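Read through the structures below before going on.
In the two complexes below, subunit A is the common chain; its partner is subunit B in one and subunit C in the other.
Our next item is the complex of A and B:
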């Protein structure tokens, strides 16, 4: 209790009555205490684990979630001239031989950073279960709730003692709003889900406290908890203190959600739309070390007026995605960040009576850009009318394996859930080597 | 009982002594216990046949008595919590538990931690039986009781409080409907059943029959109703939650790790549920016919028998229906599914009724009883005798198979009385060990039950405990007052339960390898609710009481008694002295609030240890 002596000899402190940090200096739990929260630390970390621990926080995934299901024909797999190809043409890109919809002109000029997958066959064409499948790479089994991609990436790439959130999910629309789930990985890896407001809940200092008082109180908590934690080797007990160690960092990271801190020219690049601002927030989060950010854009569910819907939404996607790729590239972050565009399914090649396209999960597309991806590549193909996959069929599990491989996660690694070995990507999944760098 | 035996330095030199002492005192106390009652022949036989080393133990034990000075003291009196054999004297089940656990630890040389102190035992037992921390007044009452009686008095008091019913209801709710933490109908049913002291087998029947009902009984159907859309959930959740068996792996193939579970078992269980459907009126009904057909891994199409987990097949007594009759019945079922006023369909054979009969007829494996014993044990000791608790099969043996078996048999023999089981467990010494492990060596595994577990509180336990701790000691009634006026306490406790309901959403239900989320720490650190409610100033609040203390020492006593259910140590006294300085009113308030906050958000408060 050296701190106590310091207070006794510090008349200034007692007269101010406010800052007791000196008193409690050295009271905060160090890295050792934080690491003790990890189950692996109970048996001692091996050298390679320490090394991998240090590398954590350096790889990121940004998922641009196209909620409701974007049409592959108006994005990555155009079929101008086909019977149901629609009114829009295809344009060439900056990679010879690859064409995309004319609704994506900016993305077309960044095709060297992007791989397109045109052969998803995921079979489930209702919103709820389709989203379950594409978020988790498989459907839940009885008695077993799987974590979604964000939770797995947070678990595998996040730092235990991270001062920023591991998994942030931004979604403002009410249609198709889903919080995301950490399944059997538990609350530690649940998303920080922002829907109503753009700053994390309980991240602002209460009006009745000064920052010093807040910190002193936290240090007092640490000090008074020591007697209890000292003789208890239990990862849950450890996680309690770890959670409190992260509070200050999480409060500081609330500023990451404030785009007004960005220079005007940067904000202008992303544009004034909500999706643009959230893409900018995603870049700020990634820059600060957040492993996984999901930005959802709704509502692509164009059962009627498919072409008007896509004119509007594709313009937003094209602009924001391109601004994001450029910004990441200029900051040296693109080589550490995988950017995905994906939804719960695609849309029917046939056009219905309302000039809409309906749900379709048999032959659709997604894109992968940046980290671990071989740019300028198209994997798979659909047959000329787009009704079925003609080549290189990809399942949800295969896509999961590909995404995890791109950011250096061993997708065959197994979590033990009770007595049940559960690989990160579903049993039998195969990564798509052609799109991996 | 020879409590001074340990103090004899000559005896300490021999390493087998503690074991011998334990075994001997066990036998003596069993004998003493039996002497106090009529000694039936069966008990006598059991006493002398229950372990082969009885004679050796007796000889060694007599040697011990001969060599110590106070051998003639009464044998059946325990002096305090840490006296080794107290639990053995008061409860038959507690005695069985301690014999089984201690014998196994002694045989494998597992070091056993000492008994927890009185404060820890009071807090742990109250959290486990009343679903909240003890009030400071309950602690005063407990500490003044004669040491040799207080655990029993505490447990019997708690079993009689409405708190026990609320908490057992909450625990069963968390087990059975984990994904619907606020299903009002189900919770009302469970409370009614628990208050009426219904047996577990009766509750099982009520939940499986799920007969249309009104009033509080209506909620019994919620276990199945909430799963009726997914036949796999009906099948597997029933197997997991009532029988401790997760057979989901056997859906697609015979279980790869467990030879016990075949596809026949999975689809056999499914056959008990595949006729279950929900009517438009939201009643859970059964169709008069219907069977389960599945494809084996060899590609063979097979009709599933009504097969219980033991392999016992129930004869399907569904009458033969002609195609025409089937068509008509199908039409009626469609009507029931679509119309409020549809005509009911008579059912002459109920597969769910058959499942109940099969489960209750299972005297061999005792799935129903073993599961609830193991779940209750896990809830009270942190780890199941079978762990994980949904993996009861030959590939995952119990740590103490005989004990599990005998507790299950005892449950069946006593009409599936959960109170008797819970009482036995919490009166055992295995339950009341300290959770501190001070040695450098790796602590014994959790299934040795040699060290007390530190369990994260459930959301409802934590919320109710926060409500208790945020008030001053005097704002809660004394034990005498609650005894004299049980209606008044029921009202207070109901209010507390309702208040806790409003807070529990802020916390996560602990599961396997539970990690506390940063959201919780942020909630405690910055939310309006914590600052404005838990830390509110006022005469009946903890903040007001600490503020009014005349000395820092008194302030520390109040803080620790109310929040941490113990007295502060010298170090903690000193921290409070240093923290509270004699400044103006506002500064003092802030300092007191910080202390209250630091303890409410502290690790010690968060855990049931």
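Our next item is the complex of A and C:
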């Protein structure tokens, strides 16, 4: 990694001779009045950057987004016997000295691959702003909309000439549904957002065309385009061509979303639930080179019947997360893929009269597994009743810096947004070294 | 019912109080509910048993232990029964002829000496998953337990021997998630046993053989949200036989829009056990949440029900019309109750107990039409 500043936004690399995959929506994108550009468009790529580009596509992040806010007490920070510890016990894991909730028996046997952070204090306990904070590592400033984690990873780990999307977000439940944002990075890094179905819409070949006809048409269009652009170098023409490439890439990628392509035993391993199928899609996507996949599992907002809700949702999380880790491991992908479980906040240690737990952002947990992570580690602690962080407090920015560091992205790099240097992680953020490999 | 009298099985059935008019003696029908006293409890309290031998009320809850109090004392106060505890929430408690039997989420059953607090028997793995509720036969000889292993077990109350293990429920909901078996009750004659699960399935069996004599469905009690939140809420939380064993009331909650909360209408379905037909379908338009406990009057003319969402309620429903007779908001969510006498009720719930008087309607006051009932 270099320490240079980067001008953010969509590049026009046609002048460098290295045509980064284009995107729909034009060459240069301004958001909120901020004009962004990329220094590489001016400098071209140096040798070390070429090597870096080649490594792109080898690193991935899968974010299992626990929308609505999972209870830390029923997952990663159990407190059996505490006044409000709840009815569930704590179970040993395959790492001596680490216990998790009895609702996560399969994850407990994969603790050597996982680091737990038990000391998030993110302070914001409403869904919208809490999600803004945890997705972006900071809240927007007036006039400046920050990109979320997926957009940053897509920007930093997206591959040259990739035929697959850089950022895919699956969120099929309607409650708390959020598309995600690329902020000042522009539309190029916005997610391919799948909400109503589990594959990209309108990606099938038109019924009136055969595959051969489709290929022939593309080849003819490409030939004519090259003739047209031979003596013309401008961004509009380049953008037009790259838009076609992107659409063709999307059509070619459509099969990645089809889990029926998987053997029956692999599908059975992930189970019959929608979340299981989406985790399997996530594995197929990273295997094909997609840098960032978000799979949202809603909805954990258990104001009533918290324990029953977690018996259902933790069963889903435990099974699907474990199947995903195993599958990635067996395919040699786990060392290249960071798997995160995170939501917008945790839940109150206090149990309300509906046997629910309410919103709570003062002392909660998340997990990191796989690439760049020292497995079998717990960072931080909460006090015995779980009301406050007792040790190792972690902010949203610290977590963002940790995630970026784990996948080899220098979180101190700065985008130049107009004249404003903007680090990838918020100012003052510090990665949690204890969980980094 | 949570108590038995060693000498009289009939004591398990509350005898109706009588009210004498100038012309005749007529059956007591509650027309008023009045919360007389409340008591702060040491934990979220899920279950209670009246110990008729000592006059005390025992209860169990989220601190894993049992506590007791004297409802007749001038000053209400709780005391722990013992230093010994369950390993998780205590969710079922019955009085078997003076000996207390408790069950909990730690999957164990414990027999207690109610005077000394000594554990006289402990069965560690009575079920393989959480025990949700216990019931005691009217003669005090049999304890029934239900758990999330979806089994019903019948225990000899005196010896602790498991006489019968009954299956018949799916371990998973139709949507692939763990199911739960919440509710159990004996008929007054001890011959029938009813159970109800999360998905709204009721099984009524003969106690001696375990043979299923009725299978009933109350699907509205289970809400699966397939789109917004993708999980479920609800389930049958209470069952109660009429004293003559001809009717069964099933309690829970109606369809829920936002399953983050207990916001469904409190719901009771009453079935004829001879025909299997639904006699009453009651949804309370005022009070929301789960119906956690029910009890028929001895003559079967009315049904006492309690539960709640955040707040608690006690309601009395006519079993002749399905209409509401009287109801009252009572503190926080009520998990259990028992009749101390014909006209006196004790409830336990989220953080306190309430002593409530049931009184006949004041004949001088014209009673309004019960508009809340939707039967």
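One rule holds for everything that comes next: the second predicted complex is superposed on the first by the 373 of 437 C-alpha atoms of A that agree within 3 Å, B and C clash if a C-alpha of one lies under 4 Å from a C-alpha of the other, contacts with A are read in each partner's own complex, and residues count from 1 in each chain.
Just so we're on the same page, a contact is a pair of C-beta atoms (placed from the backbone, for glycine too) under 8 Å apart; a residue touches a chain by one contact, two chains touch by 3 or more.
All values derive from a computational prediction rather than experimental measurement.
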_Between subunit B and subunit C, whom does A:213 touch in the aligned arrangement: first, second, both, or neither?_
first
Discussion item. Once chain A of both complexes is superposed, is A:97 in touch with subunit B (first), subunit C (second), both, or neither?
Written reply: neither
Looking at A:298, would you say it contacts subunit B, subunit C, both, or neither? Reply first, second, both or neither. second
Checklist entry - Is A:263 in contact with subunit B, with subunit C, with both, or with neither (first, second, both, neither)? => result neither
Pick one for A:309: touches subunit B only (first), subunit C only (second), both, or neither.
second
Larger residue footprint on subunit A, choosing between subunit B and subunit C, goes to B
Intersected contact list for subunit A, partners subunit B and subunit C none
Per the touch rule above, subunit A residues touching subunit C in the complex are 68, 80-81, 83, 87-89, 173-175, 271-275, 297-299, 301-305, 308-309, 311-313, 315-316, 351-356
Counting only contacts in the complex, subunit B reaches subunit A at residues 230, 232-233, 235-237, 240, 246, 248-249, 251, 257, 388, 390-391, 395-396, 435-438, 443, 453-456, 508, 510-523, 525-528, 531, 569, 571-572, 574-575, 578-579, 581, 583, 587, 590-591, 594-595, 597-599, 601-604, 606-607, 609
Subunit A contacts subunit B in the complex at 1, 4, 7-8, 14, 17-18, 20, 23, 37, 39, 141-144, 165, 184, 186-188, 190, 192, 200-206, 208-209, 213-214, 216-218, 220-221, 223-225, 227-229, 231-237, 239-244, 246-247, 250-251, 417-420
Subunit C residues touching subunit A in their complex are 43-44, 62-64, 87-89, 105, 130, 175-178, 180, 227-233, 235, 259-263, 289, 308-311, 332-333, 349-351
